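Every chain is named by a letter (A, B, C and D) in the order it is written, and numbering of its residues begins at 1.
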Amino acid sequence: MKINEIQAEIVDEFSLFEDWMEKYEYMIELGKSIQLIDTKNKIDANLIKGCQSKLWLFAELKNGRIFYSADSEAIITKGIAAILLRVFSNQTPSDILNSEFKYIDEIGLKEHLSPTRANGLVSMIKQMKYYAIAYSNK
Amino acid sequence: MVFDIKKIRADFPILKRKVNGYNFVYLDNAATSQKPIQVIDSISDYYKNYNSNIHRGVHSVSQEATDAYEGARIKIQNHFNVKKSHEIILTSGTTHSINLVANGFLEILDEKDEIIISGLEHHSNIVPWQMMAARNGVKIKIIPIDENGDLNLNIYDSLLNSKTKLVFVNHVSNALGTVNPIKEIINKAHNVGAAVLVDGAQASAHFKPDLQELDVDFYTTSAHKLCGPTGIGMLYGKEKWLQKMPPYQGGGEMISEVTFEKTTYAELPHKFEAGTPNISGAIAFGVAIDYLNELGLENIHKYESSLLDYATEKLKSITNLKIYGESENKTSVISFNIEGIHAYDIGTLLDKFGVAVRTGQHCAQPIMDHFGISGTVRASLAFYNTKEEIDILFSSLKRAISMLS
Amino acid sequence: MVFDIKKIRADFPILKRKVNGYNFVYLDNAATSQKPIQVIDSISDYYKNYNSNIHRGVHSVSQEATDAYEGARIKIQNHFNVKKSHEIILTSGTTHSINLVANGFLEILDEKDEIIISGLEHHSNIVPWQMMAARNGVKIKIIPIDENGDLNLNIYDSLLNSKTKLVFVNHVSNALGTVNPIKEIINKAHNVGAAVLVDGAQASAHFKPDLQELDVDFYTTSAHKLCGPTGIGMLYGKEKWLQKMPPYQGGGEMISEVTFEKTTYAELPHKFEAGTPNISGAIAFGVAIDYLNELGLENIHKYESSLLDYATEKLKSITNLKIYGESENKTSVISFNIEGIHAYDIGTLLDKFGVAVRTGQHCAQPIMDHFGISGTVRASLAFYNTKEEIDILFSSLKRAISMLS
Amino acid sequence: MKINEIQAEIVDEFSLFEDWMEKYEYMIELGKSIQLIDTKNKIDANLIKGCQSKLWLFAELKNGRIFYSADSEAIITKGIAAILLRVFSNQTPSDILNSEFKYIDEIGLKEHLSPTRANGLVSMIKQMKYYAIAYSNK
């Protein structure tokens, strides 16, 4: 599936919820099923800066596609990270670099993705794109 | 006086707002206080009616502004029972005040001297001294804290000696709410000839210290913590110290004569107030002090203590909730964690229910390191909070926990 | 755009007041500007609706305050055409900004280096460098001024050499109104590898400099000079310098990690913004910039120029009146004396007629020494002043002179 | 005449004026007739601090009474200084020390005698009292 299609799919899923509590419960569920970073990669070098809770991100290239894995101490951060992984994982570097991450606003994640927010998710998106840059030169 | 909480809350416009569809429950008072309309209006009033630069103006409006600014200094002087008004330096806040003193001692101290920092300090009362020590080589010693969040005064005794020149302690810890025995700490320091700086940022919304009786050498606070505006604070310093210390910043106001060869500095307090000060801020700081005094700091403290007891009891009924900082003597701050749940998650969900708390290290990483945690959830209460709001905190917290478990 | 002066004046509540029974004629704009209601209301709005401490809060109101504060930084960045928002440091004003830079260069420079200060500087751009030089031994050289109040650029050329590390000049002189050829000064300094700090305190209510095009290393101003509140200002610094300079103040916000052994500093701009900043001040600073841009700085400058011409001509018709500072290129400032009459007497009587001017040295004693006078009367005009007000200045001045002669 | 009587007399004189201009013209006149400080005493050591215009003050004891002399670059400051001299000169140190300078408020001088005013007149009154202290020990 293409990045935009995945985003649309997620927006669809979230549109079923009646209130923020259902939405957050779902995010928390997503957090539990995140593509977990391997323990050997859960090191300081893979920490994302600027979060109140630790947030690790890792990426590998397989057959021209990037596969991300992550973890966070905070389950809500982890849930949003899981959504980001679902959107960007298993895509080519160039698709990742050319994508826009905008539909997601519609599911009310915007507040978590403010550049001044202390959860590091904006830095995580940046870091995901940096990986894409790095791997597109390979 | 009966504490008419309804009337008091009506003074604070922000308390009427909604957050995420819920009534706003503001429990982040240790980060900054909310402002009563009297304070807010004093700022507008200044800009609408008598804004002008101060001190050097010959015209009437400049004189009005100067009188209001200097009048604020006198209100602060009286509030803290300070002997001379020029012992009150108006700064941009506690952080500025402490840096001013650290700069003042830069060349007074050297590598043979020692300074003592309490283990409960905010970064603002740690980093300036580390920066100073990096320049003049002073040795830094730390007073450790115990499990309840109290300073270990026995160890403090053992750190004091004739080389000790300065001791730093906050009046109240922002992370835990511990009220420190500053009188005892000051007396012991004076016995070995050391001066003491007390960081009052967390205390002055709750207590009215008598600085002459305390005999403290330096005391500082930020107006924004006590119902005043941002960008203004004060430093009290004993005259002899203020005279001894070199000026911190150079500029207008703080000099009496300038040539390119030589500059003579102005007298106190101007020596330490370079540049155009925060005039409206100072005036509103004075109004905030009036406001608190009208309610009475004793009444405030009594009311807050009963709120704290109520909240502590309720929160303790929650399984797996651990409170950090259980000093006998504390202000209305509750720092806690729920086992197995990250503070950030709790804070995020409480916010969804309209409840504002702070999460994280509270600019006091050494305390967190002491407890071996990465942070806490901190609910800090003010005199305009109510039991009903504590009930909302409690029920929202229970729902958050059940969502996160 | 037609400059609708009536509409503009209606934005400034203070202009409606009386002083000593007369209509208030405010001609002390170089000391501080008056504030439009939009700016005043933005402060009340902040405290009534979304006051909170910033950056570290997880709750919504903290996020709103943070966004507004950081939004102000971006407004400032765009206004001055700065490349990166973290090159804008929010300070408490020009004096603070310059001291921050002086501290930053304290250990970068030593007694083999030279710095150059223009002879037109305000004390705030002299004293910090004297204080720095007293510590690191740097040699200070001065660019003298000529009879018109212009800097002597030939002598400037001769002062520059490979030892020159820093050059300080204001964009506009507060005492005389001279607009300095900063582009030329910057280029020449860069030719010998020196960095330039331009003090824009007097310029920014009149011009909108393009800092990338100027290629200046540091630029600073105070919000209170440009329709914003007191207690807030900005420092622009090129990223490479800001990274090179050590932090100025220690405290909250400016660190990324603190232990008692070691502290790591936060990234730009936070490295230089220790402690709770003047949040409401920053937000209102942004609103002031919006206000000026809505009127258009070009329009403002054009209007003020015509006021200046009108006022200069009228004042020159007074016998024995001497104007100091007659540069071809000046802002709407008239510094003058009446032969045989002390500036203080003129100022006092003008005030009696409701006319506010400044008298004295204007924090620029070296300029007064240059002209061999103890001070001047300074009338400084803003875009909300009118020809009718100049007429009142003129007639009041004539009456004052006749009383004093 | 006693200090209070002199003050009352001055208040009387000023009460005749219809507006501030007449009052200031009179003050300026008083300035011109001040008991001028002798050139040899017009030295930096006798300068009063905190004025925008230089203000010199000197005092001598003759027959148990203090005689002040002064000068200022600014004529209005000089006028007010002249009023202060008229009130306090030719009095005993103890009378000066026990006196209150308050009637004068009624003539609208108060604005010139604010402690934060840049004209140095408050410091001048202080300095006049310091002279009285110094001479009362003689």
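In the analysis below, a contact is a pair of C-beta atoms (placed from the backbone, for glycine too) under 8 Å apart; a residue touches a chain by one contact, two chains touch by 3 or more.
All values derive from a computational prediction rather than experimental measurement.
*Asks:* Going only through chains that touch each other, what is the minimum step count from chain A to chain D?
*Replies:* Graph distance in the chain contact network comes out at 2.
*Asks:* Quick one: which chain's Cα centre is the longest way from chain C's?
*Replies:* Result for the farthest chain: A.
*Asks:* Just how far, in Å, is the C-alpha centre of chain C from the one of chain B?
*Replies:* Chain centres of chain B and chain C, defined by C-alpha means, are spaced 31 Å apart.
*Asks:* What whole-Å value do you get for the distance between chain A and chain C if each is reduced to the mean of its CA atoms?
*Replies:* Distance between chain centres, rounded to whole Å: 46 Å.
*Asks:* Approximately how many whole Å separate the CA-defined centres of chain C and chain D?
*Replies:* Centre separation, chain C to chain D: 39 Å.
*Asks:* Multi-chain contacts in chain D: which residues touch at least two other chains?
*Replies:* 52, 118-119
*Asks:* Which chain B residues touch at least two other chains?
*Replies:* Residues 20, 56-58, 60, 344, 348, 359-360 of chain B touch two or more partner chains.
*Asks:* Give the list of chain D residues in touch with chain C in this complex.
*Replies:* That would be residues 20-21, 24-25, 28, 52-54, 73-77, 118-119 of chain D.
*Asks:* In their complex, what parts of chain C are in touch with chain A?
*Replies:* Against chain A, chain C makes touches at 55-58, 60, 63, 66-67, 70.
*Asks:* Which stretch or stretches of chain B touch chain C in the complex?
*Replies:* Residues 13-14, 17, 19-20, 24, 26, 28, 31-32, 34-35, 37, 39-41, 43-44, 47-53, 56-62, 92-96, 98-99, 102, 117, 122-124, 126-131, 140, 142, 222, 224, 229-232, 247-255, 257-260, 263, 274-281, 344, 347-348, 350-351, 355-360, 363, 365-366, 369 of chain B touch chain C in their complex.
*Asks:* Which residues of chain D touch chain B once you look at their complex with the stated criterion?
*Replies:* My answer: residues 49, 52, 111, 114-119.
*Asks:* Touching residues of chain B toward chain A in the complex: what are they?
*Replies:* So the residues of chain B touching chain A come out as 20, 341-345, 348-349, 352, 359-360, 374-375, 399, 403-404.
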